[in-house]
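Going by the order they are written in, the chains are A, B, C and D; count residues from 1 in each one.
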């Protein structure tokens, strides 16, 4: 029987709530619904154990992980599987360089550090990567902050035989995936794009951050679609939506003899589910590589990343 | 300079209107908009000449082709390129076996017979195929009537070195293409389909026929998507839509931990454009094969067909 | 304290399920959510008691009403309020004229007979009206079968001092209400209607009947919107929708200087809720009139009916 | 025969383009399509003459009005009616207090001054109102800048027997009108609102201004709907839309027994048409009042204004 993957999560937001609840859901139900890869080289979804967690807010630090995932401002819904005490107490994350040793010490027991904090603090992201390096753990950066794109840091992970995966998740299924697929479909059929837009509405802290500080992630999204005729137009923070995201996509195009082709799409999806559905794969890929001594960038992770090494920072 | 492809069209409905107007549009503008394959082995879109045409209705027979394509009940819009007299007078099509020789005689001058009459009269489709065989022309069956799926007939075309392409067009871009792409996209990301439906509304004679006699083509469509969870629900004939088709697609699915994914799509497209955009390719493939002595089924045409040889009749 | 309204329901389908569950919901929660009129002349929603029920199918007859409302093919969802045994055993309805006396006997204890069986059997509807007349109860016909539009029958109810309300419910909120409101809004602003369509999809037995026998109710709907430019196009039976109805509405119009105005609406609603929300008012109006000796047609019910007396049969 | 209304327009943007082209369209075609009020007390749409026009940009000043309305950044489409030279040369508007007399002199020939410049410069709006007062003309303020809400100014117009109409147009048909009508419809049927949002996308300079300086007009919009559960969420500037506005509206609500009611609306409309369709009425009301000596606020104009006198500034 395969050893379970021991994961330390940094950040106890909606994405961590979705990950933790989903693992419990799949263990309880045995269902395979919504799973991209039920098993990777013998590792099932239920073979992932969260063994440590870091957060910063008062409502989460000191609480059991299974309670902290429901603390405000988290709003990912309760999936419904029983969540008895996890035995993992959420610890205070890094706020000061003097705490580095404490954090690195906690990471000692983990094979994979899943960095799932809010984007926008690259120095914090890199400090956790340093701690993982010190602790001998693989590191997965799900934020748009450049970590795996830092060539020097990547080399040190490679040299240490430790996987470094990042940067920025490509959601299992979300607006970007859908939009790109539609544009590719049209192109593959010879339909000529005229214009396209995308409107995203959501109610998470992530959305609030994007609306208030649109730069980094927004640019990352534009990279992902990369067409001059495509407008990634406005982001709206609507608290009542909770963790549900609503997207309105429009594509105007021309077919044979220039006749119009028009496509309007209305998508509803839970963003944290899209993240968890990819994180569960990245964590398993990282553990498998670690166990076989493969360090640095993992090519098999590239399709699940928005900004892998080599992408412009 | 390459010889132009000489095509005889059977049926002067909307699809023929779109084909004839589109060829004029691309010749006049030099545009490549909406073209899947601007050139196939040296044959451009403008290298196709319609040299004969058959119809049955009083308003079309005897008229110049460039007038007949606008006769009722045709309602494909005017694309706008100048259409001076074509020099091709629409001839009366087959209504009686005694006229077979007359029709075959007309086909003598053509390399490709494009059969674009309404579906639902398989014996008529096969009679034209016989006439093409007699005249030494390739045959393209765009209807859902079984012609290329008739093994005996296919063998005779093969033996005669004459291409036989069919049955039933896969539109360049339409509801089926889009619906299938969306379902495949979800499956490829590990999202589990719960239910899906498709509603098609249109204003052409083809739609009126589908609504009044839903069987043959409808079944062909269900084949194309082939999932028990997908309902190809009702077809509506709304004359005011003209040749524009409107489709409402819905997909309900489940992602990570069973959380809901919901997709609603509203598509507007001109069906005859979708047909013409594929016919222009099939005709060129047929001519190229004919010129090099390749008869029977053409594998390169398979992706553009809904029911190629081997599909159940 | 006001006496509760004693209602006998004919038909234990989705509409009756919604009515019975809703009364329990409002009694339990004290909520006023979704109520058009919380109180009518002192009668609250919780003041309505179902004291007898008739059905025909083996799975319902003989069962307690609170079980029968969940028997197939009913598919209105469980609202969630506790439903202990009701003490009302569902009785076999009229299938034969010889049973008329038995049925009329049961109705003796009721003030109002709510006729909520499937449309399309006018002679059955009228037989229950006769039984109500004999039993001295008011009669509410929620089907499109002509009962209140039968002038002779209406006169007999009037003469007997018994209210007769019908025919055909105008839903509390549904496609017709919304469509008419949109068309009236455009007209009131001087926007000129060009075309409009409506597509309805549902998963109830009512929908199955409409799809298979579209005539009666369909005509009633067209009456309700009554414009030549409005197409009430196809009805689709999609079992997976359950009691949820999905409607796609489109309105194309012209504003100032003929510039286009386009409106697409996607509505999701539970049809049985729309029926129950009106039935609860009709039943109370009927009881109040009965108690004050007002018989025949009740003008105050007219806005809630699609085909009140005077409408063409 | 009634005397034509002589109007001076301040601002030669899209709204003026729509007004001028629409008058030409209705004169040429005799059509009544899209007209709220074809005639007001004998004044038809074609009875309005633009006799003077002010603008600021180099591309408009000095040009004939019928050319200036198509100068960038205007992007209201060509309606298609012939527009021979108007004989009205666009004059330079007020940029400096020293030009006040020149402007007032031009206004001398006009009965109505239609102030249709961009919102956000209240002092300019009031200067034109002063000029109208001096010239003895009625004043219509279509911007959200407070002019008619200025009690002292209103009194001076009243005393002078000159109509003062404002502030801020309620479009003939647009997102606010539709959204409010839907919310009122639900409320009138007893459906309980849960949440609602509105997303507006457009490609005019007006939209660019709203996106870059969202304050004034946005607040005016919120006033207009005024519900805590309604989010007027993000505005997007998409140049490719031109003068077409696209709105996505969502309404989530609860019906009988708390069952969900969901409404998604997709609206396409030309904003300048909505403005012109109201301006043509305001101008005629102003002229009629002026001719009968009625000054100050005109109650009959109130329904066409977002912020009439008495509304908070």
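Basically, a contact is a pair of C-beta atoms (placed from the backbone, for glycine too) under 8 Å apart; a residue touches a chain by one contact, two chains touch by 3 or more.
This one's a predicted model, so the numbers in the text were calculated from it and none came from an experiment.
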Path length in the contact graph (subunit A to subunit D, fewest steps): 1
C-alpha-based rotation, subunit C on subunit D, 0 to 180 degrees, nearest 5: 180
Subunit A and subunit B: spacing of chain centres that average the CA atoms, whole Å: 45
Between subunit C and subunit B, distance of the C-alpha-averaged centres to the nearest whole Å: 47
Where subunit B touches two or more other chains, by residue: 264, 266
Which pairs of chains touch, using the document's own definition: A-B, A-D, B-C, C-D
Subunit C residues within the subunit D interface of the complex: 18, 21-22, 25-26, 31-37, 77, 79, 172-173, 177-178, 181-182, 185-186, 189-192, 253-270, 273-274, 276-277, 280
Residues on subunit B engaged by subunit C in the complex (per definition of touch): 194-195, 197, 199, 201, 211, 229, 231, 233-238, 240, 246, 248, 250, 264, 266
